[in-house]
Amino acid sequence: MIELEQVAYGYGTGTLLSGVTMSLAQGSFHFLTGPSGAGKTTLMKLCYGELVAEQGKVELFDKNVSEMQRDDVANVRRRIGVVHQDCQFLNHLSLAENVMLPLTVSGRSLHDPSELQELLTWVGLDRQQAAKPPELSGGERQRAALARAVIMSPDVILADEPTGNVDWEMSLRLLQLLVELNRMGKTVMIATHDMNLIRSAKSQVQARVLRISNHQVAVAGANL
Amino acid sequence: MIKPLSKLARLILGDAQADRVVPPTGFTARLTVFASATMAFLAVFALALSLATGRLADRWGEALAKSATIRISAPVDQMDAQILAVTEILATTPGVKEARPLSEDEQRALLEPWFGPDLPLDRLPIPRLVEVIEDDEGIDADGLRARLAGEAPGAILDDHARWREPLVKSATRLRSLGWIAIALITTLAGVVITLAASAALAANEQVIRVLRLIGARDSYIARAFVRRYTLRAFGGAAVGTVLGMLALFLPPAAGPEGGFLTGLGLQGLEWLWPLLIPPFAALVAFFATRHAALSTLQEKR
Amino acid sequence: MIKPLSKLARLILGDAQADRVVPPTGFTARLTVFASATMAFLAVFALALSLATGRLADRWGEALAKSATIRISAPVDQMDAQILAVTEILATTPGVKEARPLSEDEQRALLEPWFGPDLPLDRLPIPRLVEVIEDDEGIDADGLRARLAGEAPGAILDDHARWREPLVKSATRLRSLGWIAIALITTLAGVVITLAASAALAANEQVIRVLRLIGARDSYIARAFVRRYTLRAFGGAAVGTVLGMLALFLPPAAGPEGGFLTGLGLQGLEWLWPLLIPPFAALVAFFATRHAALSTLQEKR
Amino acid sequence: MIELEQVAYGYGTGTLLSGVTMSLAQGSFHFLTGPSGAGKTTLMKLCYGELVAEQGKVELFDKNVSEMQRDDVANVRRRIGVVHQDCQFLNHLSLAENVMLPLTVSGRSLHDPSELQELLTWVGLDRQQAAKPPELSGGERQRAALARAVIMSPDVILADEPTGNVDWEMSLRLLQLLVELNRMGKTVMIATHDMNLIRSAKSQVQARVLRISNHQVAVAGANL
């Protein structure tokens, strides 16, 4: 689904990633770790086409990102649900409207309107539906971001630090949602610092752990 | 040009669903509305000024342009015959609406500033004057002169050209003043509306970024913004236009200025002209927002 | 009023250190600068319009207001004596700058439109005219009439009041047109600058919030913003003023309008008037930003 | 230093906190936990005067918040360093300028300019000094927020989720900084979901754990 080949990237201030080769196969479950500032968010941005590799090739759904038209990028994003690290919402819309936004902009709607309720209940936000994003707590915003990423049942889910601000019970609940989606065939990648979360996931699905160090992405062994 | 215009039509009619993604209130909205309103208000005044000065210029120009005088010098005993001859010639001259010999009283009034009220007109061998009012087409001065020379040798046509000149010049100046004002205001209105729309859009960069990130196509985002800001500019300009038109109705202030304010008003069908202002503002906002939206989008992937 | 004004002085001079906390560029800055520039540009034109119409009105008014005519009717043999008497009276009348009997040629030219060029003036018992040019103070018409009645009974003073009236009315209209334009532009300039500053400040709500959260006092925050926006408004208005003044210099377009554009320019010391515009804009921005900053702050703790 | 007495607060949508009595004595070290949305951030805001209690009394440095003038609030905040959950920066200033901001607005400067370098090095941001906040990674922003909170050596440090986006090693480093400051007599309160962090701190200082549940704040026992 997502293939990186010898990719290099830097923000003009030096190399951040180089020679990164990585492949997220359909139905796979990956974690992405590495120290703060290593480039996890940067790698995610390469995976949904917000950044374009300086060297090498990034293929999303078998299409080369650097050759995509702008509308192609938009179309690809409809198949990739992203939890951004700095949850990006429209502050003038309610939480429910924000969660529904990916459907709204692609002119679709839910087959079954109760799905929204179900999802919001799962992430514990059913009572906050009408609240505007600035009125939510940090953890509530993070959960809303996850709900928005999965609402249109995308083929790939990229979650950047989705549990940084929520308690352990809620983390497990969110993880369970992603594991469930993975079981239904979705590809999942989670960037996180939380080793306990990774351990907990490993007991439920076959998860690979990628670690960024020294500008490279490597598969971490059993020893986390 | 044609493509965006047909889009403009689609825009005003439909796709209100996309509307929600653009922040509905806030200062960017107020700004666009207010800038359009201000500029429309000023434009109404510029329009009124330009039309009023045009009218004034017309009045001054016409007052003399449409009249002429024929001066008949003749011995006293031939005078009446000559007057008759001139009147007959004028009756068959195309372009003459009315011709009328001035009475002695009128002639005395004309001369009064120079000679005082006691001028013994009847005892003076002064020429008699025939006042000619032209119709819209006007007379052929040279042709009339030739005819008069043949049939009433004592009659001389004075078409006031010499007297008219400075007044016509003044009128032209006034009229061009109106046009300069309207050109200036229109240009600045366009610039201000463009700037307000672009500024408003810049403030919504975050919204554009989020929409783009969740898979909205450029056309969707641009349309949502363009629709909103076009309608805002239209609405603001409509309010400004109405306020401007109301201001032209205002009871004139005390003092001699009152008379002028009345003169500044619009008359009859002229009241239709300001109605062009809101569509113009909308058109400017349409192109400005479209350009701003598409170039903001170009910076994002 | 006095307190803020003394603050204004302190503001322009010092405390640049606080300046850094206000975002230096971005569309809010551009907006304030551009709004001020636009309004200053329009204000220069309004000013030029108002001064030019004032001048025009003065010229028209003066042309007649400062002159009068004395008409002397007398038997031919007494005429010269009467003229002499009148000239002597006028020489001792306060307010008279110049007095001069019209020559026969001049008098003939005046009468030509009504009587033709062949008027036998010397054979006619028509009155002679003395042209009086008044100085700035003007003459006391009634007093002069009384003296004339006593010393030169055939002389009648005509101070043109009846002829002057319509021209003075036109001139007054023109002048009030200038004042209306300047009042309108000034008001709108104030409103637009106020709005731009408030809008810009609203966009910086986040900055104000952060500053307040880390322990900045209200006065510190307000001062930083007020200083920045006052200077921006001043700078923008200065640019607009200069552009406006340059536009008044522009080579006039071909055609009769050229003459008018020249007439619209400023003359001599009038060029100093537009220099008041930037300080005025700064003053408006000062109070507008101060009010906006303090009321934005009131909403935060 | 900070005293709450029978404090109640709600955002108009019902009670969030009620009957909260709490005291942060000088030199004490507290953790604040509770599920996401329980009101940790809200409690913090009451502690630095951004919110005013609906009922009860909040005293900061022996002054009642509800009776404070606006300038008093500003003065009190100069003695309280806060790490906000949604790190608030001025995006047009560099990282170093942002960290120095509390000093700038109170017209002060560092006794020793090298202190800034030292602090930035400790939180691992020495190389990012000139970067603008939007160019920082999530974890880098969080570390910058902590640096800003401690730069003027405040009497009280309130840190809302200061380690949500940083890796474990960095978390320990940041904790160590706070512990060090606490040893120098500063009062510290940290809101966090990370139980490991709490455990790790307990081995270094005498830390009390406060837990929000059922609108109340209670001291949690040994069993976390």
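To keep things simple, chains are lettered A, B, C and D as they appear, and every chain counts its residues starting from 1.
Heads up, the rule we're going with is that a contact is a pair of C-beta atoms (placed from the backbone, for glycine too) under 8 Å apart; a residue touches a chain by one contact, two chains touch by 3 or more.
Just so we're on the same page, UniProt names per chain: A, D = ATP-binding cassette domain-containing protein; B, C = FtsX-like permease family protein.
Note that the structure is a prediction, hence the values are computed from the model and not measured.
J.: By label order, what chains touch chain A and chain C together?
T.: Touching chain A and chain C alike, sorted by label: B, D.
J.: In terms of CA centroid distance, which chain is the most far removed from chain A?
T.: C
J.: Whole-Å distance, chain B centre to chain C centre, using C-alpha means?
T.: Result: the chain centres lie 24 Å from each other.
J.: Starting from the mean Cα coordinates of chain A and chain B, work out the distance between those two points in Å.
T.: Inter-chain centre distance comes to 62 Å.
J.: Between chain A and chain D, what is the separation of their C-alpha centroids in Å?
T.: 29
J.: Just how far, in Å, is the C-alpha centre of chain D from the one of chain B?
T.: Chain centres of chain B and chain D, defined by C-alpha means, are spaced 67 Å apart.
J.: Would you mind listing the residues of chain B that make contact with two or more other chains?
T.: Correct list: 26.
J.: Two or more other chains touching the same residue: where does that happen in chain D?
T.: none
J.: Once you draw an edge for every pair of touching chains, what topology comes out, line, ring, star, complete or other?
T.: ring
J.: Looking at the whole structure, which two-chain pairs count as touching?
T.: Applying the touch criterion to every chain pair yields A-B, A-D, B-C, C-D.
J.: In their complex, what parts of chain C are in touch with chain D?
T.: Per the touch definition, chain C meets chain D at residues 17-18, 20-21, 23-26, 206-207, 209-218, 220, 297, 301.
J.: Enumerate the contact residues on chain A facing chain B in the complex.
T.: Within the complex, chain A contacts chain B at residues 48-52, 70-71, 73-78, 82, 84, 88-93, 97, 101-102, 104-106, 148.
J.: Can you list the residues on chain C that touch chain B in the complex?
T.: 26-28, 30-31, 34-35, 38, 41-42, 45, 49, 69, 71, 73, 107, 110-111, 113-116, 118-120, 124-127, 129, 156, 158, 160, 163, 169, 172-173, 176-177, 179-181, 184-185, 188, 191-192, 195-196, 198-199, 202-203, 256-257, 259-261, 263-264
J.: List the residues on chain D that touch chain A in their complex, please.
T.: Interface residues on the chain D side: 11, 33-37, 40-41, 85-86, 124, 128, 135, 137-140, 143, 160-161, 164-170, 193, 195-196.
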